[in-house]
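One structure below.
Chain lettering (A, B, C and D) follows the sequence in which the chains are written, and residue indices restart at 1 in each chain.
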Amino acid sequence: MLSQQELIQLFKETRSDSEKICSFLETEDYVVQPVENVSPPKWHLGHTTWFFEEFVLKKYVDTHKLYDENTAYVFNSYYESVGEKVIRTNRGNLSRPTVAWIYKFRKYVTEQMLKFLNNNELDKEILGVIEIGCHHEKQHQELLYADIKYILGNNPLLPKYNDEFKENIIQDFQQEWINIPEGVNEIGHKTEGFSYDNEKGVHKKYIENFNISNKLITNGEFIEFIEDDGYKDVLLWHAEGWDWINENEISSPAYWHTIENEWHQYTLNGLEKLNPKAPATHISYYEAFAFAQWKGMRLPTEEEWETAQKHFDWGSRWEWTESAYSPYPNYKKPEGALGEYNGKFMVNQKVLRGGSVATSRDHTRPTYRNFFHPQLRWQFTGFRLVK
Amino acid sequence: MLSQQELIQLFKETRSDSEKICSFLETEDYVVQPVENVSPPKWHLGHTTWFFEEFVLKKYVDTHKLYDENTAYVFNSYYESVGEKVIRTNRGNLSRPTVAWIYKFRKYVTEQMLKFLNNNELDKEILGVIEIGCHHEKQHQELLYADIKYILGNNPLLPKYNDEFKENIIQDFQQEWINIPEGVNEIGHKTEGFSYDNEKGVHKKYIENFNISNKLITNGEFIEFIEDDGYKDVLLWHAEGWDWINENEISSPAYWHTIENEWHQYTLNGLEKLNPKAPATHISYYEAFAFAQWKGMRLPTEEEWETAQKHFDWGSRWEWTESAYSPYPNYKKPEGALGEYNGKFMVNQKVLRGGSVATSRDHTRPTYRNFFHPQLRWQFTGFRLVK
Amino acid sequence: MLSQQELIQLFKETRSDSEKICSFLETEDYVVQPVENVSPPKWHLGHTTWFFEEFVLKKYVDTHKLYDENTAYVFNSYYESVGEKVIRTNRGNLSRPTVAWIYKFRKYVTEQMLKFLNNNELDKEILGVIEIGCHHEKQHQELLYADIKYILGNNPLLPKYNDEFKENIIQDFQQEWINIPEGVNEIGHKTEGFSYDNEKGVHKKYIENFNISNKLITNGEFIEFIEDDGYKDVLLWHAEGWDWINENEISSPAYWHTIENEWHQYTLNGLEKLNPKAPATHISYYEAFAFAQWKGMRLPTEEEWETAQKHFDWGSRWEWTESAYSPYPNYKKPEGALGEYNGKFMVNQKVLRGGSVATSRDHTRPTYRNFFHPQLRWQFTGFRLVK
Amino acid sequence: MLSQQELIQLFKETRSDSEKICSFLETEDYVVQPVENVSPPKWHLGHTTWFFEEFVLKKYVDTHKLYDENTAYVFNSYYESVGEKVIRTNRGNLSRPTVAWIYKFRKYVTEQMLKFLNNNELDKEILGVIEIGCHHEKQHQELLYADIKYILGNNPLLPKYNDEFKENIIQDFQQEWINIPEGVNEIGHKTEGFSYDNEKGVHKKYIENFNISNKLITNGEFIEFIEDDGYKDVLLWHAEGWDWINENEISSPAYWHTIENEWHQYTLNGLEKLNPKAPATHISYYEAFAFAQWKGMRLPTEEEWETAQKHFDWGSRWEWTESAYSPYPNYKKPEGALGEYNGKFMVNQKVLRGGSVATSRDHTRPTYRNFFHPQLRWQFTGFRLVK
């Protein structure tokens, strides 16, 4: 557990990082919601602030004056047990509160939080909630990158975000198969550091012998799949994946464009020629699975990944696993509103492991369980194979 | 027909009026599209500008340099014969081009237009297109008011637009029935002034004897309908109207709210107590029809309205008529892209006559035919009865 | 008005005709509802029977014992003021009551009706309702033909209905333009014979000079439209028509098939080579309008058609007019449930005039106003032009 | 593996059983498809027959004459690699081929199969396909019961299927918690008998100590959940489950009706008072999960169930498990079209174990993995708890 001083540091950095991410946006970019799972950047900024006011200041600071009683509820997300919420698909219809208002709201709450943190010796419970609030905001930082990429990358003008963000980290080493012998392994979060409820509860897992690649699948390899008509062979796909690619006319990863017969990729730096050596990204679980079928291999389970991860580099792409997102054997949902954090999503989603170029500093670890629906590709997702 | 000097004046005023309307907005308000038939204000500003560049400068000014070849197509609306268009439901997803960009685009095109108008003696055809362009922009000014009201009035914070816009013009005179005896009447645009293709083609219409009210139905009268369970009596409604109120859970005009058992109305000046004497507005054709059924009366046809209009005041509400929007007997669709202006909407819509508090100066006349689908209520619509 | 004896005759024939139409069906054909506007044939048989029990026997015969209190409500259609109704889109999900049950229900009600008619001298009101009941059933006979054609003609096996039904009546006479000079004409039902409420209320209509074709557009002419890319020229279409053909991938009239590059047509006699001389049919209003635009002509209004009809043959195709379905100036909705018959459909539909090969004997007349939504084509619809 | 004689016996019984199940239906009941996941009974009869003609007779009997080349493709289901298929949602629109035709088709194929089986000594591969065909038909027998119940139980007349089918098997023994100590267990099909690909590949699983109930949750217990407002407490539900109950207005298991404040249940014997002692059924995974949350317990994983199953009675309800349907570690998809049988459904579904009153004889076993989407309830589903 962090000391109060360390937490103050984490809190300051986290608050500041969110604003840095948004500093490259035009006001208009903060407002739109082109699809349901993308939220307007201004909503992320407001929601992460609402979290601290709702779960810390309102609860633990008697003298706290709410910044604006009538407005903040707009930033509730899925905490259905805490009053009204604005329906997710409506977020992009709200021009007010304005971006300027939200920055003032942020400033106020950040200041009140720092006053509270600096002037009181806080107990474990409160420190725990604040730590969760920081990690919660880090999750939204990652969402900010993905949502901003979606907003700009689906605008017909394809504007760039900035020149600095580096999406493609080349794996300049030999492909090898790492063998993990069969046996009972311990799975789950063991250290003292921060973790979410969903990765807690260390438990034993019997894992059979397997071989896992030290490299992520690259754009070049994915082009081979496309050129071998992988998107047209029904036998490679889940039934629901097949319907999904056909209904949505999908025939390549997201953000890929062909211009004069050459593959290009929209990145946060703008449209670029596709680099065949870069790890493939913006791929759905359905596509990762079909690729694996085509290779005669498969995706790792999350326990295989966790067991093997110390033997390979990871962190540039969230890696799809074959595992459905389910509770660990000893999973206990936290009490109260924070209990809605993870447990209620444990159906119809797939676990991803690792982390990506968009993951905030210190916001991933070997036991971290990310999860998305199998068709989603707006995150920096990729995969490695097992045989 | 206007002289070139008069047209220059009209053009300048029109361009400036659009910007005045938007001067009360926050940048964020320009961007959103909460429902399909509402467009983002920035789109209106860009689209009316694109019109002049596409149909005047590009066509008649050889030396014209397009402001931005890659961007302008975003502002095409329904002119399907002129290149690609951005699908209407997607407009609210586009954060770029920015509001600032659009104001620069406006400035450039306005200047180029004025240079062209000031330095050349233009022929009738060109003057005609420019005049249409001005009236087209005036139509969008009216849409701007309605769309802005929708954007702000459906935001949970109910922000006001400004303090000046006057929605409710009280009819402080006695209700009377004006009798129009039967006979053959001439319908259609006769004067030299501007008119659209759809009101042209003067023709004879035999109209039977009828009596029309000199007053619009008021909020107070509409409350009586509500209190007499008008929204619950299936026999008053069209089958499609009944389905519409039930699917959308409609039980009062748009923008009405009950607060502590008292009717309030969101206006462009913010939320106010409902004034029972004000003419009812934001009413669909279905509701106007049901109200008339409930009274044992009916709505006028558009020809009845046109014939009787000189006997009463009009102009504060677009008035629903019983007439479907159809071509006049001698209707001729203009050649080319401008032929898409009116003719292609002549099905499934109802004619409205008059004009409203949001109608731009000089943008209505006794023969003007406005038209909307029967369920739409975001405009300042109302109605008067015939018996 | 019919005498009681004539009415008995009409009633007997009508009841027997419905059953004759269905005598060519397999039990399974009675059950399905492939699209919303098609009803299962067994529903038509039950509904027309329910009408007599509900509006005659239940109301006027004190001693009448309902055939089955719990079942009959399944056959209510749109009479929302008479109790519960089974939602239209659900009719095809109901395997019970069975076809055999319905025939027994029919037999019982027919017998009870005849007993009532034979043993009492009935007053005008009752005779009037029974006459409406007969005409109502004749309307359903026409629907039966259209619905049966839809059910069989959209089955991948394309089974035929029978060998006798004659769809195509060749117009073996010269095309001519009939001129009707301008003037005031009387419109509406004038004779003593039966008519619906919607054609009542004779009124004057000023009609300008026009020329109308003595022939319906043929399949051969429609092929020319197709071959001239009429389905691909946006300028010929209403905006909603254009969306409709694109969303539904429509590029020919309904029931047309190309087999080895030759046009075929599914008819109630099975699949046949398309006869270029036959009047085109199963055409939507949108297609009729686009064809007229392509020819530089237009469709007649319903008043033009009614005025001109004595000069040409009609009755093999319901003919689209340009007129929206609206109340006549003096229209009065009948009191009570029968008031729902026509008036509540007077929005968003187009008037068709004439009658078709599927129209029951004596079920059409020069003033008859049929009406459908502009996209519907499952009826035997066609059109003639005006210039 | 069965001997050829045993297989002939199995084949005969299976074919005859399907027809026995349908013998209680009216012709009309064979035709309808009220929701997508319910197929018309006639389709099941045809499809199971098509399977034998397509995968056995056509492939292995050179002299085989297809019963009807043009018709059989209607009965392809999800075998996308074998030619065209009729879209699932359209099955209920097809009145042809008729029920009588299908019975003739069945008779022909059954006879040809028996001739083939009786007159040849068949190799393992062929015997294997025929065995799969029999088990495939048994699966459809179970679907027939569920689909018939849906068809009749959603008809407003609530007709009964027959008087014999016994849905409710009372658990007249004490509730007890069976303890299973932690350790490594073998999971998967081990015997010589028939099994599907998805249960093959015996593998080790480390299971922690747990206690499982020897009884299924009863109707009486489920009423307690309802009365304690279990359907109204958001914290008990998955986010997707909560949306599902709200959108579908679900507040009790399927087929439950309140009549004069008393719970009734539609069963295949018609409407009956709800028996509080009967095991609850027609429950979705979402509801089972929420119930378990309410109890502070959880559902078993499929491996826990398989390990513990020898200690309790099962077979009257398919039992939801917490396990998502995924491939076993050594899963190998069979080659060719039969490879589509199971593997392609391994996403977004939950595993059910056990079997139900509708399960065909010999069609379940301790390792059998059934699977459905979490919201489906038309099967005889129930659940037991673990703590």
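Note that in this section contacts are C-beta pairs under 8 Å (C-beta built on N, C-alpha and C of every residue); 3 or more make two chains touch, one makes a residue touch a chain.
Since we're looking at a predicted model, the values are computed, not measured.
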Problem set entry | Farthest-lying chain, centroid of Cα atoms versus that of chain C | A
Seminar exercise, completed: chain B and chain D have mean C-alpha positions lying a whole-number Å distance apart equal to 58
Exercise. How many angstrom between the C-alpha centroids of chain D and chain C?
Worked result: 45
Seminar exercise, completed: Touching at least 2 other chains, the residues of chain C are none
Problem set entry | Contacting chain pairs - touch in the sense defined above | A-B, A-D, B-C, C-D
Exercise. Contact residues on chain B for chain C in the complex?
Worked result: 78, 80-81, 182, 184, 203-206, 208, 210, 234-235, 237-242, 285-286, 289, 293, 298, 322-324, 326-327, 329-330, 333, 339-340, 344-348, 350, 374
Problem set entry | Contacting residues of chain D [partner chain C, same complex] | 26-34, 42, 70-71, 74, 86, 90, 92-99, 151-152, 154-157, 159
